[in-house]
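First the structure, which I've put down as structure tokens, then a few questions once you've had a look.
Chain naming follows the written order as A, B and C, and within any one chain the residues start at number 1.
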Amino acid sequence: MTDALSAAVSILFHGTALAMVLYLISVGLSVTMGLMGFVNLAHGVFAMLGGYIVTSLIGRLGVPFVIALAAATVATALASVVVERLLYRRLYSADDLDHVLLTMGLIFMSVAGATYFWGPLAQPMHPPPWLSGTINLGFRSFPGYRSFLILCGAGLVTALWLGLERTQFGIRIRAAVDNLRMAQSVGVNTSCLFTLTFALGSGLAGLGGALGADLLAIEPTYALENLVYFLIVVAVGGLGSIRGPFVAALVIGIADTGFKYLLPELGAFFIYALTMVILLWRPSGLFGRAA
Amino acid sequence: MNTPALETRGLYKSFGALTVANAVDFRLDLGARHALIGPNGAGKTTFVELVTGALRPNAGQIRLDGADVTSLPQAARVKRGLVRTFQITALFRRLSVLENVTLPICERQGIAGDLFHPAGHHRAAIEEAHALLERLGLDDEALRPVYLLAYGRQRLVEIAVSLALSPKVLLLDEPAAGVPSGESGMIIEAIERLPQDIALLIIEHDMDLVFRVAQRITVLVQGSVLVEGSPEAIAADREVRRVYLGERAPA
Amino acid sequence: MATERLVRASGIRPDEFTVGVFARRHRYHPLEALPWVVALAAVIVFPDYLPLGSQILATILFALSADLVLGYAGIVTLGHAAFFGTGAYTAGILAANGWGEPLTGLLAGALAAGLVGFLSGLVVLRTTGLPLLMQTLVVATLLHEAANKASSITGGDDGLQGMEVWPIFGIFRFDLFGRTAYAYCLVVLFVCWWLARRLVHSPFGRSLTGIRENVRRMHAIGAPVVHRRLVIYTVSAALAGISGALIAQTTQFVGLTSLSLDRSGTVLIMLIIGGVGQLYGAFIGVPLYMVAQDRFSEIDPVYWYFWIGLLMVVVVVFARGGVLGLFDRFRR
């Protein structure tokens, strides 16, 4: 394989892995922001929580990988229900500014909490032995864990999309995002829907954070460090859209990996410039609805 | 024939497969008292949005006092005297009643862009606002934040705000909507006392209001004009009764 | 009502009374002298803390500029540091390259920041909500990255070194005790506050509150909404630029943190503590936050983060109007 082609394949591969993680984390944010109009900057906290749970279960208690993942997902979803019922619910009709400030406060508390319980250093992530190593496809070999990430991510995304298209729950979410009043008038229990959707989105974020623990380091400032990326994926993809953030995540993931590899002096500059250009062209995102 | 205050010719708007305005020809004369009625989803509010410029039509013309305004933005039409109220009260919630009316007066007089003088300097505008409130019986609550008023009074403030713009054509979108029956009397009174030189189009479901105020009625069904005529003619029209399915118009 | 009886007894007609009250809203209230009295008293009472005092005064100006955009026009931005940083780096680069005259440096900072505000405003203000928030965030982040990469001019990660600020009017040198700096910041803050106050009470300022309360209604009364928002965004940017230039000149240093998300975020926190949209929130929130930070964040940064976070959650849920809002509730 030529150098350039090899580099391109590497970029595509690693970029797609990053994109999967970004998407799993951000899709929940997109749906809840589109559904509830709630600017949830603290969404990353759930991803972080998933990451901490998984690394603690595996690292300190030796729990098997798949069980740890499941536990992280469920625990995060439950935690999100508590937060939604206690706090977010009171502020659905408040200003954007209130949402921004509340969720910023939650991020700060999460930074302090994470430092207190787990210390300031990043948590090491050790993929299980059956996923380490490489997969040899003849022309190239690929790291095992990243391959798993891509396949697992693709599987989850497909399950998610099918679920949203085919199940009652999914149809209700889509109807409510489209037109909340109309959904209410046909008898959808929106209060219950909000909580369940929030739990689903946060659970997915927890799973994404857990799976992506070696791509996005699990450390106390996780929610702050990665905030801009999650917001970019949602803003570029389109609020309330489910497919949009997938495209956005792919673009961002591959572009970010590519630029860091090819033009490291410019760093994340191009991602931000690209985001600006896209938002100039389509202010509501690639697949979003115009206000 | 006199130039109508407001006229639409072949007004057409669709959202994909859904046609919300189907070649609507409409005419509102000077000083008219006209009502637009129709079942839910008939496209009445859409018609208002098209006429005021909040929505762009796919085809057709809108003429204000004989001049073609179809391509003008909303603010420009307001400056020419085309004013609307909203079905769901759209006021400056935390501002006082007096402020709610002073702001549109300042816009109309072109002083709202003044960065240097204190707002109180423009006393004439404030006095005009207060006089308007007096005419509508709202002056005793002039300094209260608007969200504290009873809903019926808020609808009156909505009308005051529209009058503050010195409209030539006034579109009232369901002025009595959501108002408790005890308070709807003051809305009807306020409408009856509107200056005669304003051309008035009311969108309403409340048939009492419609038959008390309107001299002509247009019935809109699924984006098309079904029939237009005097209140008596409309009340007697069999098609209209059928469309409303049990909605009874006072004889 | 008691006021009604009073009015009737005095012989003024009720409508004149109402109009009069409304028309006199802009008049100065004795309480408004309080911040300046406190600021002057601080020179005598806390003579060793004047450098911190100068920082507080300059940050009050920054928060005041943010309040114009946030509290009066209702534009939620997470990128206000972009203007602060532009002003800081402009004044800083001038002073580090031979032109240390403070007042012209201040002016240059204001103009540069105002220009950035105008250009970004043209783009950013066409939307609202999340797209707007994102775009303000991206603009600030872009500037941050640019400043980082252009390290030959800006000093990059290490910050801008070698600033030399000349004495004000050639007479008042910046002394070690920070007295000149304090007086400088106080006077600049006073002038900018006076301008902001005038603007807020003008018909333009009143129309901004209309835009904040109900944009749809503003469009429906024929107001040029986009134009108005652009004007206030530009003015606010210029004032933020002045505050950045002040800090640069009085500390003789500019770092990348002047463009950071942290700076954009903390100004929001300081405003919400004091109270948004009431002009004086900045005067209360900024000193409270900065003094507390000075005291507590060294003891244990973790606890600082936790309590500030908790405070914000509590304020948003229970005391949305901040300290000023609590005063209002207490009065009624």
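Everything that follows uses one rule, which is that a residue touches a chain if its C-beta (ideal position, glycine included) is under 8 Å from a C-beta of that chain, and two chains touch if they have at least 3 such contacts.
Treat the numbers as computed from the prediction; the structure is a model and nothing was measured.
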Central chain of the complex, centres being mean CA coordinates: C
Most remote chain, CA-based centroid, reference being subunit C: B
Computed distance of Cα centres, subunit C from subunit A, in Å: 34
Centroid distance [mean C-alpha coordinates] between subunit B and subunit A, Å: 47
Distance between chain centroids, defined by C-alpha means - subunit B, subunit C (Å): 41
Interface residues, subunit C side, partner subunit B - complex: 14-15, 18-19, 21-26, 198-199, 201-207, 209-210, 213-214, 216-217, 219-224, 228, 231
Residues of subunit A defined as touching subunit C within the complex: 33, 39, 87, 90-91, 94-98, 100-102, 104-113, 115-116, 224, 227-228, 231-232, 234-235, 239, 265-269, 272-273, 275-276, 279-280, 283-285, 291
Interfacial residue positions of subunit C with respect to subunit A in the complex: 70, 74, 76, 78, 123, 126-131, 133-135, 137-139, 141-142, 145-146, 148-149, 261, 265, 268-269, 272, 276, 302-303, 305-306, 308-313, 315-317, 320
Of all residues in subunit B, those that touch subunit C in their complex: 52, 54, 74-76, 78-79, 83-84, 86, 90-96, 98-99, 102-104, 106-108, 111-123, 126-127, 130-131, 134, 139, 142-143, 161, 164-165
